[in-house]
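There are two complexes below, and they share chain A, which is joined by chain B in the first and by chain C in the second.
For the complex of A and B:
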């Protein structure tokens, strides 16, 4: 079924609220650039990375892995039936990554030098961050190229479609390789922190665990989006449901792999006791584990009757699990010594919310004007 | 040729297993790197907590020698009272106090002083973390310095340092990282009349608690002190170890038999001696392998020469070209 623009009005209560949130973020963002971090954020020398890194970049790009996760399936495993989900997933990825990349500017103290990280004369190749920065930048470009046929269809650029059609296999390959590299490196970033990361999270398997959590987030977001966008745009989900059903089964096994590796690694490193003796950290670990285990039960247990609601709940649990894993690794499990603590300030949170609002608004505008969602218009019954 | 779901699961699990093995195995010899070694002309500090009287002359001279502003923590704002390292303070003296704080350099009902400033690691985490070579280690002197012109302000160095040394300025629109650079500007100067001729903290220390010099000599001096019998008469050089000021005489204390910085994460160029355990003074127990070596070994075994990524790209491109062709036929485009 061919993708079509869904049309409709742009001004609605939802888009208005989003616009207000974006303007608020712009106001606080201006403060940050004029007066420094302290004027809006609670980051400090004990927690130099707050939510602008842990959420906007580490989790933001993870949530934008839908394109990556589906590309794995559609092109590598040759499961072409998932293709109708591909364009919406790709759109979310384009926005998620582009904004994740741009939002870094908020967090860079000396942002006017940001280009140094992409410039070989400055780059320090022992730094995991160089790999992340190069890979994410390259991937943003690749995502826009992957997405360009949608723009070409709308504006009628035959040249673009011909070029991308011919070389798309290469861009898709890059679109699988680059996220594999930098999503795992988002975990590797923490290795140099050494003992400052609690033993429940500090491991040489961080890159593998972060990669698995990225794939889980990617799949979960695709399901989440399919459910929310069908509800939000008053379309029927019948078309996507069989795809979601088989997709969810694969996710469940991926989660099983994550849980087994995570627990096995903790035991192998002799950190078994830390699962119970580290107070808040142990508690957060178990919340994380529960959120990982719940969707496995929902999706694999023979006694559960699986309908759209179950798939949606499983996806939500999976998303929360992976999000929490990343927050725990970056913030909860991070300890620089007594006396330091961090909780984001309201303006700091508002900037992050503004970025998310911008993403959602962009998504709404795009699917109304461009051929993204599988072509079946608004349900007349509503 | 299409993969059915069972085959896909097999492939996915196989891939996961292979990735696990690749990541979990110790990196191969060619790409793993050992701790870096002490630079040939390494200079540093020896801080002896048992000699420190907490006068903070070093804190004051450090500000003077490096043009750093005062930092107020009392309401009257009369004098410089930094509570910790910060974007305005490169060196502080902190105290340990327990119970009645009766006896110096004793853990129970005792107290002790400790210096906090850059340890100039032999294999620094901050240098390894910095993406843009703003943080560098001098190949001769081993001094770890910072270049604001290169810095992007990402604060990865602040987060990575296990000693919490590099600090960032959160209260300005044009922030910098601040850390001790061992008064390298005064070391390099040839002006004979200059106020500071070596690390200011050591130059003004009245008791020799902070001593400047080549790390090799400082280590030998630390060893000498550890071999002193507690209570016996002892002399302590002051200022710098090669041409010291008149010595300070004092009975030898009961040292913890350990030179902090000798082995910790590959060694540091500031060494510490103390009468109470280092954990109580805010110096954590650390492994001998540097975190920089650990992190870079992993990165280099995955990305060395970009060989693995290029092989993966070729494989992916091949697989995708094949399946894309198949999809096209199905869709009849």
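For the complex of A and C:
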């Protein structure tokens, strides 16, 4: 199942719509950089982090954990049968992380100083933010190196191919280490907030919970992508179905662990009552927990007949759960004092939508032109 | 022996020992000298090896510097000055006049060659060969050069000698120039001010007397102990500036309440001097221009005093006021609006729809192995 470009036309209704969304985001983005936050966003002194951080960075890099999660499986657990899924997963990771990194700049008031955090003289090594920034930056570079064989195959760069062939093990090791560090630190960022995060979400176990859910998200996103690209590019899923099935199983057990730790922690911290008495927050908590529990039921219950649809829905539910978990922890569960309020403004949302659109468009362009998806079709014999 | 010499001083000046030691401590504190320096100062004054000879020149000036020195309220200040130095030439204080006075200057210069302290009061006209100020048939320019040649130290007292002062106000018809524009081969300590605070001058002299060297100076030649801080920094009205409370015109409510004079043109924010710290005339708090309700006009600062109109706003040098003050009621963010909620709902709906469609197609696909899945 050697990877190959799937070819085909670039201009389609989908890519056109994506392009329009990207242009809209570019328009609002220009407004933001020229006239400041107030012109486009609702973030304020009480809520300095809005969806540009909660979605574009925290969720965006979480959704981009496919490469990380698969690398754990393929290279660490040595389960080589998953290798065909590696390239599409890596592609999504490359885009997710690169755009996540870039979108931080939208959220920086004095964005022209963004390079300060990468410069040793400006760094403060007690800061979680520095750790996240350096780690994410390093990982973006590592991801591009990990992905470079795809480009080398397409453009025929023998030097790159030789270098990566020889040293790839090193970058793969880094590619497993770095996300472990910063995905957990995305949780540590909230620990620093202390009392300002509602007890349903504030815990010293935040790093573990964020890491667990990031890995689970990684598997879910691989399943999700496999299904969507199968449906979208009109390919058959038969070859990937066994892989999807076993990945889903791993994900389900990770979720079991997550749910046990999450609930156990809440009870142990004495926040049990908060699950029922916190109004909207309790409601959001239960929606989140339901979305976490659903895939477990779908994937582990003996009475469910599992097919591609079930795997897809389970992955969707898992992704929604993790997305909601992050939004809840960063925005819903964040209480900075009476009177403060935040809901993203329309232009603010449009920028985020544009970034997502850019990711999807990039994915489409890449799989059409580069050897990313595992090749299969009537003309190939396996 | 030290005690004896102080007792002798007490008898000679009619000055109590305690008062004298307090004065020495005040001098040391004014200059920011370390502990123990007051004893060194007391020792240097009470037991002078030889009182340093001082030649005091007057050029284009009003004698205000001398006046402020002599009329200091502190009863013994002028006595002390006259005791610790040997004032060998000073036109305002001389009993002698004419050629007799000039002869005294030459005698002092000759006797203390290379050791005397030269104090210059007033600017020096340099236009047309310096003909606009002459003493005994000699131009100020020549007299200055003559006296500076063998001086051990040169002190320019007052704004005129320090940077040109009032006589140099544009169009400066006489080409009035400061001492350090003419004497380039020797360091010139400047004590600007109109008039300068007598303590700043006295401290400089005492420093020279005690340690044999002049105090540290800034780029303009001003002793750092007196001129390293903006008036604005130590001003008693500073809190009003920071809070945005200003007198808007003389005699208005803000002025009567002692608000900040910045908007009346106070040059405190761009003028370096220690006026608010050491005040004038030894009569206690408030005894300095801003304290009495008049804006500082920047007399110690070249390009400010006698140059900028009194009512012109100062350039705030080191503490720029904030562009805006915090609002009383800070905006606390906007909740969901119809548009944003609708957009989020639309995205969620679209995602759900797309998911449903993909799921449907997948179902079809896995049942029919070779059929294309999506429409």
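Just so it is clear, the second predicted complex is superposed on the first by the 376 of 382 C-alpha atoms of A that agree within 3 Å, B and C clash if a C-alpha of one lies under 4 Å from a C-alpha of the other, contacts with A are read in each partner's own complex, and residues count from 1 in each chain.
Going forward, a contact is a pair of C-beta atoms (placed from the backbone, for glycine too) under 8 Å apart; a residue touches a chain by one contact, two chains touch by 3 or more.
Bear in mind the structure is a predicted one, so any value in this text is a computation, not a measurement.
Overlay on chain A: chain B and chain C clash in the combined arrangement.
Of the two partners, chain B and chain C, it is B that touches more residues of chain A. When the two structures are aligned on the shared chain, A:227 is found in touch with chain C, with no touch to chain B.
Judged by the touch definition given at the top, the superposed model places A:176 against chain B, while chain C stays out of reach. Judged by the touch definition given at the top, the superposed model places A:45 against both chain B and chain C.
Of the two partner chains, chain C is the only one touched by A:316; chain B is not. When both complexes are overlaid on chain A, the residue A:205 reaches chain B alone and has no touch with chain C.
Touching of chain A by both chain B and chain C, each in its own complex, is seen for residues 43-46.
Those residues of chain B lying in contact with chain A across their complex are 1-3, 5, 8-9, 11-13, 16, 19-20, 23-24, 85-86, 125, 127-133, 148-156, 158-160, 162, 164, 167-176, 265, 282, 284, 286-287, 291-292, 294-296, 298-299, 302-303, 309, 312-313, 316-317, 319-321, 323-324, 326-327, 330.
Looking at the complex, you find that chain C touches chain A at residues 330-337, 339-341, 343-344, 347, 355, 357-363, 365-366, 369-370, 372-374. Here chain A touches chain B in the complex through residues 33-38, 41, 43-46, 48-49, 73, 75-80, 83, 107-111, 113-114, 116-117, 122-124, 126-131, 133, 168-170, 172-174, 176-177, 180-181, 188-189, 191-196, 204-205, 207-208, 211-212, 246, 249-250, 253-254, 257, 261, 334, 336-337, going by the rule given at the top.
Residue ranges of chain A in contact with chain C, taken from their complex: 42-47, 227-228, 230-238, 241, 307-309, 312-313, 316, 339-346, 349-350, 353, 378.
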